[in-house]
Every structure is written in structure tokens, then in C-alpha cells.
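Some structures to go through are shown next.
Both complexes below contain chain A, partnered by chain B and then by chain C.
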Partner chain A sequence: MMPRVLNAYRIELIKALRSRATFVGPALLLLLMAGALFVHPVVRDEKSDYDFIAYAVPSAINVLGILLILSHSAASVSGELSSGTIRLVLVRPLRRGEFILAKSLAGFSYAALITALAASSAWTAAWVLGDLTGVRFGGDVLYTDRDMRVAFLIATGLNLPPQFAAVAYAVFVSTCIRNPASAVIVAIGTWILVDAVKYPLGIAPYVFSSYLDSSWQPFSERCMGIESEFSRTALYGIGVSIVSMTLFLAGAVMVLSRKDLSA
Partner chain B sequence: MAACIQLSQLTKRYGAVTAVDSLSLEINSGEVFGLLGPNGAGKSTTLYMLTGLVRPSSGRVTIFGRDLQRRFVDIMPRVGVLVERPAFYEHLTVARNLLLFSLLSGKQVTIDRALDFVGLLHVKHNRVSELSQGMRQRLGLAQAFLAEPELLILDEPTNGLDVEHTHEILKLLRRLADEAGVTIVISSHMMHEVESLCDRVAIINKGRLVSCTRTDVLISYDPSNVEVLIDVPEAAARRLREQPWVESVEAKPGRLLVRLADATSHQLTAFLVGQGYKITGVIPRRRTLQEYFLKALNS
Partner chain C sequence: MIAAALVSLFGALRFSGEDLTGLTAGSTDPLTGRAALHAIQADLDGDGAMDLMLPAEVWLQRAGTYPRTHRVALPRAGECPNYDTQPEGIMARLPGSLEAYALEGGAWRNVLAQPIEWPDAAERAAAAEPGHAPSIERFLHDIDSDSIPEILVPGPGGVYLYRKNGGLYALDSVLRVYPAAQTLPVTLGVLWPPGARRPGFPVRQMNCRILVEGGQLTVLQRQEIPADQILYTITRHNLAAVLPGEQPGILDQFTTGPMPEFVAPVRLNEDGSVDFAGGDWNYSDATPLPTPIFRTVASTNRGESMQSIRTQSFRPRCSFFDVNGDGRVDAIAEHMKLFDGGVREAVNRFATQRTIDHEIRVHYQDEAGIFSRMPSIRHLVRIDLGRPAIRGGSQFEQYRSGGMIDVSGDFDGGGLADLLVQDRSDRLTVFLNRGGAFSGEPGAEIPLPPGARHTVADVNGDGYSDIVIAWKSEVPESEESTRVYFARGGR
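Then we have the complex of A and B:
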């Protein structure tokens, strides 16, 4: 199974690298990061600029990044259903579940790319244009630059499971809806709707999107000189994301397995 | 000959509509097998059930002695499929598309050989979006041939092709069957293509198998069916219709199409000459697949 999935994943990468549309999202993200420098200027003034990173990266990923990820994954299967290319793919020795896994891996890679781009561009901007010399409070070093880097890496890492769950959710929508534009609209629309009602309904702890913001909290608090550690919330976030990912991927496999792919 | 494909009570229902109804067939290895039927008969649905694109409601598909649903990934490396109106990745080149499909096949393949087969080597580096309809169809055939399959399943293989390319493709398919022993299953509306290419033909109507027979038997010369080249066909036709040994007569300009009930063409000739008609030729007619097809559907 794995060689077939990896082959199919390799094909997704080849297709993506040869499509100009793949690069639009990252380009927009970099523009957003550049724009963030105007909203939150970074200068060499011997004051650490981790707060720029704490502002720019979550904003980029949790607003634009998640839209890009949802769009990319929601169009992945529906695009092939709509164009008909899926019929030539699935007459090859590749099970439908393996096809879904390959599409999901491609989505995960895209999410990781967006995250890495946002994180590295923000950190680079702060390092080149500003100061990253640790967090001080009342003259004492509360957190060294190394502590902040580690915290940032952990926050970035913890942000990935909910993003991967978002990919799985969008792939599920993509499998249910043949038209890619409609699939994207439904994926994003439902996301916004759930985000709007999760707190009033008290279901926020069980919705993976809640952990997109919470993963950044410890890093943001450290930037403000508040002592903060990564709590059990992070583990809940990983658990909820894994469960959501599993359910959505299983759903996608089930839907595609029952679909007739005649002309 | 060993059976390459076995369909056992294959059925497909879409709600209240039964597209394929308890179809049972055996297709032998190395044979070219045609599926004929009117629009909506269930030919394409049957082909798609053979390829795993459509799940049967009941029944079984066995290919190379293995159940298709259970052993799909073992069977499909040996199968090449052409679907109707094949779609490709438009932003990629011809060669790149075939490379991607070949990666999925899990076999080492030579893309150039497949392209050469179908006469598309010269557009290898062109984007698919630049190809004409006929070229896309040929590209579809190329991706089916790519992994040198033992079984080819082709839905309307000559759709959109010009006369020259149709002839070449049919010749190539016949060569593959004769020389390489490839089993070929074709669904087509083109009677003359099926007639010239297929060893056996199955006629499907309203999801059911109407008949399955060898084409050489179907299209043999029929001694009771003759064409007579004659000077006065209308008058001769009137005289012949009075004869009990004539089943039917059709008068056309300069000739008669006669079906004999209980006589030979020699007796027919002798009668017409005896009546004073001038005959310039008597030609035994071949059955055509179209005639057989229409007769089978009506029965």
C-alpha cells in the first residue's frame, strides 16, 4: 500500500510544481507578511521584536493560510471528478482509499509549506530588521533567544495538527461535491459557520479549529514577559485534531468508494 | 482457450432503473470481443464494471481468474483502459501526462513507444490543451497501451478519429491480438469496425444479453440472399413476388435484392432468363453485422 500511496503523492507534487496556481497562495502570504511590517514596524532599537512574530505569524496562518489550505484541498478531489481525470487515475492499480491518502498528503505538504513560509519570513524579517535578543522583564532575562526559538518552533509544530485536520475536512468536502468552486465555497462557508457558533454552543473544545489560536498562546505570552508553559490544552488540540482527521478521511474514503465514475 | 474475463450474473441498478441485468459472459484470452447495443443498452456500464469505475449492485467480475473487487491492485497492472472522452491534465505536456500515468502503473514503461504506436511522437512536448479532439483520443489510446497490458478495455476507441487514423488503430489492435495475444474488449457504435475487428460480438439491449456469437459466422455469405444485376428490375420484381419460392424482393435502380425461400440462385437465374429479362450478374450477398444486430434487437 505505501509504495502506491507514495507514488500517487509524488504525482500530486509533480502536478503542483508545474502549475502556476500553486505559487499564488505563497506569494499572497509573503505579501501579507510584508504588509504586516507596515502595521507593526520592526526597527533596531534594542527592544526585542518577538511580538511582531507573535502578531504576524498567527494572523497570516489563521486567516489567509487557512483559507488557502481549505481552497487547495477542497478543489483537490472535486477538480479531478469534474474534469474526469480521476477515471484514468483509478483504472490504475491504486485503491480509492490510497488515492484519498495521497491527496491528503499533498494537502498536508501544502499546509506545512504555508506554515514554514509564514514562520521563516516573519522570523527572518524580525532578525534582519529588528532585535531578537531574548525577553527581559525588569532588567532580568526572562527568556533567552534560544528559549523563544524553541517556544516558537513548538507553537508552529502544535499549529500543524489542526491544519492537517482542516485538510482532511476539506478533502472530505471535495469528495462529496463534484464542482471544485462549489466545494471550496462549502468548505470555507461551513468553516466560518462552525467558528461562529462553536463558543455559543459550548462545543469549542471538540472542534479542532479552536486549537489553531491556542497553540500560539504560550509564545505570545512569553513575548509580553508573562511566564507561560505549553499546557494540557496542547495535548487536547493534538487529540481532537487526530480524531477529526481520522473521521474526515474515513468519510472521504467511504464516499469515494461508493461513487460511480462513469462518464 | 482459457477465459480471461468472466462475468457472472452482473447487475447494476440505479434506483428503480436496471442498467445491466444479470449479465453472464466469458471472454477468452487473445480474443477481440465486441459489445454492441443501442444507446442506453448498458454497454458502457458493463465496461466500467470491468474496470472498477462502477461498482456492481450484484454479481461478480473475474479477470485472469481473480475477483476484481478483491484483487483490484493485482489485476490492474495487466490491464489497459480507454474510457469515453478521456481527460488529461491540461497544463502538462503529452509526455508528462503519460509519465504520471506510468508512475501509477508501477511498471517501467517507454513513453515514446506508446506515442509512436498512435502517431503522436511529434507532439510529445506539446501541452494537452493544444491538442485536437482526435489527438486527445489517440493520447487516450497511448495511455491504455502504456504498460503493455495483457487485456485492453476500450470504450469507443475510434471516437473523433479521421478515416486514416481509424484504419491504423484497427490494424494495430488486430496485430496486438494476433501477434501478442492481447485480449481486447471493445464497445463501439461503428458496426463496420466491430465487424472487421472482432472475433466475437455480444449484443446487449436494455441491460440484457440478447446474443453472443462469432462474427465470421454472422457475416458469412448467405446463398439464399442474392443481388441480381438486371435490365428491368421493377417488372422482374413484380413477376418474382408471385413465386412461392421467393421470400422477398426489393427493386433498386439496375438491380434486384432477392431473398429466396426455397430455391437456389441457379433456379432464380433460369427463371428470369426464361421470362426474357437480361441479366448481367448474380452476386451472393454477405450478411452484415448491422442486419444481424437489427434482427436480434427486434426479436
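Then we have the complex of A and C:
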């Protein structure tokens, strides 16, 4: 199974690299990061600029980045369904479930790319234009540069499971809806709807989207001079994300297994 | 209601509410956790229970409360004197005279009446004019521990010391303890055109605070320096050993280093020296959404170094209190979880969530005067605003002003500070301190009238903190009502 999945995943990556649309999202992200420099200027003033990173990276990933991820993944299966190319893909010895897994892996890679791009551009801007010499308040070094880099890496790692759950959710929607534009609209619209009602309904702790931003909080708090550590909320977020990812992928496999591809 | 009854049934904390309109309390001092009760507590009738001296009358304590049948008007109240208490009686500073009264059988007996010249004679005379009210002033201090209080009154040139000699008080000396006046920066004024010329003149100014504790007089002088910082000069004088007509010797004098301007003198431990503490807040740049960051600072080494604790919060009601009962004041920080989880989640909560999660963090102070870096106690409470925060309202405004959380009361007499939370607009909930953590279950629930504010103070001096609730009815021009919930112990 794994060799077939990995082969299909490799083909998806090649297809993505050949498509110009793939690069629109990262380009927009880089523009957003550049724009963030106007809103939150970075200068060499002997004051550390980790707060720019704390400001720009979560904003880029959780405002624009998540929309890009949802759009990309929601169009992944539905695009092949509407054009009929899925029938050609599945002529190969590839099960429908393995097809879904390959699409999801491609989505995960896209999410990781968005995250890596946002992180690297923010750190590069801060390193080139500003200062990264640890967090100081009142003359005391609260956190060294190494501490901040480690905290950022941990935050980035913890941010990936909810993003992967978002990919799985969008792939599920993409499997249910044939038209890619409709799939994108439904994916984003349902996301917004759930976000709007999760607190009044009291279901926020069980929705993976609640944990998209929370992984950045310890890093942001350290930039503000607040003593902070990664709490159990992070582990809870990983658990909810893994459960959500499993359910959505299972749902996508089930829907595709029952779909009449000849229609 | 049923829950509150059940809580009482199973022997948890007990409160009894008494209407005590006329008793008022000011806001809680964030540096000490003490509420400004507008009354002096003293045993005026010698029965061992704390009575209350309000500006115009005395309330005698009976059976742990203050019945209307045991209230006595203060003598000479119409002349608006300054009152102070002494063992089993009171003293009144009137314009040009001093009188003392003892309370016997529910009536005042005059035990002293003498003419005397006060250094603030003009203020005393003005206070006697119509439109003024009597007030409470701490002017009696037993500086030599002989059970006979001396009188200390600030006046021109120094603090005026009056001693009792031959049954009457007389001026002993003027303690010249004021710091030297400082010349303020000269403002140039208007120089041109000549017709509008108004030159600026140098101004000399002196301001200080005087603190008398037993046989010591401490002078605290605050000095502003550039970059929004301040210095304090602290001078301790020995009053106990001052001979008649002489000036007090200096026990200790020091000047602090530069400190933030919001810092004030306070006692944070029992080492006898003056400490410094304060708090300030502003918005952070590290998040896309403006996030309030409150900074609590403290110095336990005469201002040589400052410790600071930052949290995501507006100004809390109480930043310092001895929570674990070890004689050392602990730092209390609060964390608003409204802004947790990033921009989207914060906006979501703001717009859709009726409740706010709020975390109380206590940082213990150790023997070296260092506050713990990570919280020693963390406790999460959920506050029901009744509507999403984006719609504002009085409950949200009260939350923003720090009026919902109070960690300055010991309601069960356990020696540990308990937690009082206004978790709904119509209710206060007590969470008892179980030593190292606050209980997850409520110990008691107190009903609140609409628009009421609450204060914690041990009104009857029985060692259990009580809850003072004040509110105004919807009737225009009505008097503010006060109800006191006396803690009656129980676990």
C-alpha cells in the first residue's frame, strides 16, 4: 500500500509544481509578509524584533494561509471529479482510499510549505533589518535568542496538526462536491459558520480550528515578557486534530468508495 | 438558590447578611489588598468587641453585628471636629480646643476639655462652617508606649507634638522632619510681545508623606526625574526616645534608585524596611489584536532592583496580598483568556461568547524577598457577562476595571486568603483556599442586587473577612444602600 501511496503522492507533487496556480498562494503570502513590514516596521535599534515575528507569522498563516490551504485542498479531489481525470488516475493499480491519502499528503505538503515560507520570510526580515538578541525587559535577559528559536520551532510543530486536520476536512468536502468552485465555497463557508457558533454552542474545545492559533501563544507571550510555557492545551489540540483528521479522511474514503465515477 | 442552601446544609462557609446603610467602603488598595472602610474600628465600650466610629456616630457591636438600637451620636458633631479613638473613648479636635469622651452606659462622659492652639487652626475654623461634616483623623499615637497617647499634627515647618502633662495636653516641640524644598524647573513664560510679557519665576516645592508607627516616624519624599521615573528618599526618625523639646534622631535614611513613576511605598514583608510596588498596563505590539499587558513590579531591597511580572490583563483589583499566610506579601496576577488563541479566536470570543475564562495566578514571596517566576497557584474561573463582550455593558466594564476578582479575604479563618469572584451579575462566589490551591467547588454564594459593587473587609474584627455590598436603587436621589455579609466561619 505505502509504495502505491508514495508513488501517487510523488505524481501529485509533480503536477503541483507544473501548475502555475500552485505558486499564486505562496506569492500572495510573501506579499502579505512584505506588507506586514509597513504595519510593523523593523529597524536596527538594539531592541529585539521577535514581536514582528510573533505578529507576522500567525497573521499570515491563520488569516491568509488557512484560506489558501482550504482552497487548495477543497479543489484537489473535486477538480478531478468534475474533469473526469479521476477515472484515468484510478485505471492504475491505486485504490480509492490510497488516492485520498495521496491527495491528503499533497495537501499536508502545501500546508507545510505555507508555514515554512511564512516562518522563513519573517525570520529573514527580522535578521536582516532588525535585531535578534534575546528578549530583555528592565535590563534583564528573560529569554535568549536560542530560547526564542526553540520556542518558535515548537510552536511551528504544534501548529501543523490543526493545519493537517484542515486539509483532511477540505479533502472530505472536495470528495463530496463535484464542482471545485462549489467545494471551495462550501469548505470555507462551513468553516466560518462553525467558527461563529462553536462558542455559543460550547463545542469550541472539540473543534480543531480552535487550536490553529493557540500554538503561537507561548512564543507571543515570551515576546511580551510574560513567563510562558507550552501547556496541556497544546497536547489537547494535537489530540483533537488527530481525531478530526482520522474522521475526515475516513469519511472521504467512504464517500469516494461509494461514488459512481462514470456519471 | 438550592445549591446555596445545600452548601449551607453540609457545613460549608456561612454568611449572615445585615442591612447597614450608612456604612460605606472605598475601593481596595491594589498594593495592600485592604479596603478603605469609612469608619475606624475600636473597642469604645470596653466589651472586647470592635465597634465602628463613623464620621457622625458610633455603632456598638452586639452579637457580631451592629443593631440600630446601639448607635450613639458623636459629641459636638455639629461643630465638625476631627475625631480619633483612644482606649475606651474618643478625642475630638475642635477649633481652638481639645475634648475627650468616654462611653459609659450608652452615653458620652466628658473627661477632658481644654483650650489648645492647633497649627492648622485656619483649616479647623473653616471645617466648622456650615456645609462641612465631621471627619476621622488619626492624630493620637502612643509613641513612648506608656499607654498615654501623644498628639501629632502636621503644620507649618514640621509635625507638632503635643504631650499630656498634668492632665492637659501642651505643645512639646515642633519636629522639623520635613525634607528640604526643591526648586522646580523654571518655565520661561511669554517674552514677546513686550505688552504680553509674563516671565516665569522659580518655584520651590516640598511634598512628603508622614507615616507614624509606634515609636517611629517615617518621612517619604517622592521626587520626579526625567524619563518618567521617580526617586524616593526615606528617612526614619526615632520618636520613642525623643526628649521634651528636642528633635528626633535619624534611625535610617536612604534614597532609592530610579523607579517607574507608578511605583509607591508599601510593606511587602516583615523585615521592617520600606518596600516599593506598583503596576501599569499598556497594549502589546506583538499581536495583531491590541492586547492589554499589565506589568506588576516590586522591590524588596530598597529599590536597588525591581522584579516584574507581566500578564495579559487590565488592572487587577488587588496585586499584592499575603495569600499563604506566611507573613510575606505575595504577588497576584490575572490572565484574561479572552485574547488567547490568536486573532481569529479572540475575535470569535469577543463577538459570540457570553462567558470569559479568567485565570488567577499567585506568585509566592520567599525568604529572600524574591517572587516566584512561575505561578505558585493557578486557578481558572468562568465569568458570565450575560452578553458577548462586543456588546459592552456594565458587566464587561466592571470586568475590564478589575472589579470581579478579589483575593484579599480570609472568610473561613484559616489564615489563608480565599478567592471571591463575581462570576455573574447577580452573584458572588467564594472559593476557599485549601493550602496551595483554591477549591474547585464554591464555598458560598452571595446574592448581588443589580449594579452593586462589593468590597472585602473584616467589619466586626472577628478574624473572618466580611463582604460589604453597596448599591443604589433606581429611585432618583436615593441614598446608597449597604448590606454586610458577615462570615460566621464553618468549613
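As a working rule, the second predicted complex is superposed on the first by the 262 of 263 C-alpha atoms of A that agree within 3 Å, B and C clash if a C-alpha of one lies under 4 Å from a C-alpha of the other, contacts with A are read in each partner's own complex, and residues count from 1 in each chain.
The definition used in the following text is that contacts are C-beta pairs under 8 Å (C-beta built on N, C-alpha and C of every residue); 3 or more make two chains touch, one makes a residue touch a chain.
These numbers come from a predicted model, not from an experiment.
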- Item | Fit-or-clash call for chain B and chain C when the two complexes are aligned on chain A | fit
- Tell me which partner A:125 touches in the superposition: chain B (first), chain C (second), both or neither. neither
- Item | Touching partner for A:8 - first (chain B), second (chain C), both, neither | first
- Check the residue A:113 against both partner chains and state whether it touches chain B (first), chain C (second), both, or neither. neither
- Task: Look at A:92 in the shared chain and tell me whether it touches chain B only, chain C only, both, or neither; answer first, second, both or neither.
- Result: first
- Which of the two partners, first being chain B and second being chain C, lies in contact with A:158: first, second, both, or neither? neither
- Using the superposition on chain A described above, determine whether A:224 touches chain B (first), chain C (second), both, or neither. second
- Considering only touches as defined above, state whether A:213 meets chain B (first), chain C (second), both or neither. second
- Query: So, does A:83 touch the first partner chain B, the second partner chain C, both, or neither?
  - Reply: first
- Query: chain B and chain C, closest CA-CA distance after overlay, in Å?
  - Reply: 37
- Message: From the superposed pair, tell me which chain A residues show up as contacts to chain B and also as contacts to chain C.
- Response: none
- Message: Considering only the defined contacts, which chain B positions touch chain A in the complex?
- Response: 44-45, 48, 51-55, 72-77, 79, 81, 83-92, 96, 100-101, 103-106, 140, 143
- Note on the structure: The chain A residues in contact with chain C across the complex are 40, 50-51, 54-55, 58-59, 62-63, 137-138, 195-200, 209-214, 216-217, 220-221, 223-227, 229
- Touching residues on chain C, where the partner in the complex is chain A: 284-288, 291, 293, 295, 306, 308-312, 340-345, 348-349, 351-354, 373-374
- For the chain A and chain B complex, residues of the former touching the latter: 3-4, 7-8, 10-11, 14-15, 18-19, 83-85, 87-95, 257-258, 260-263
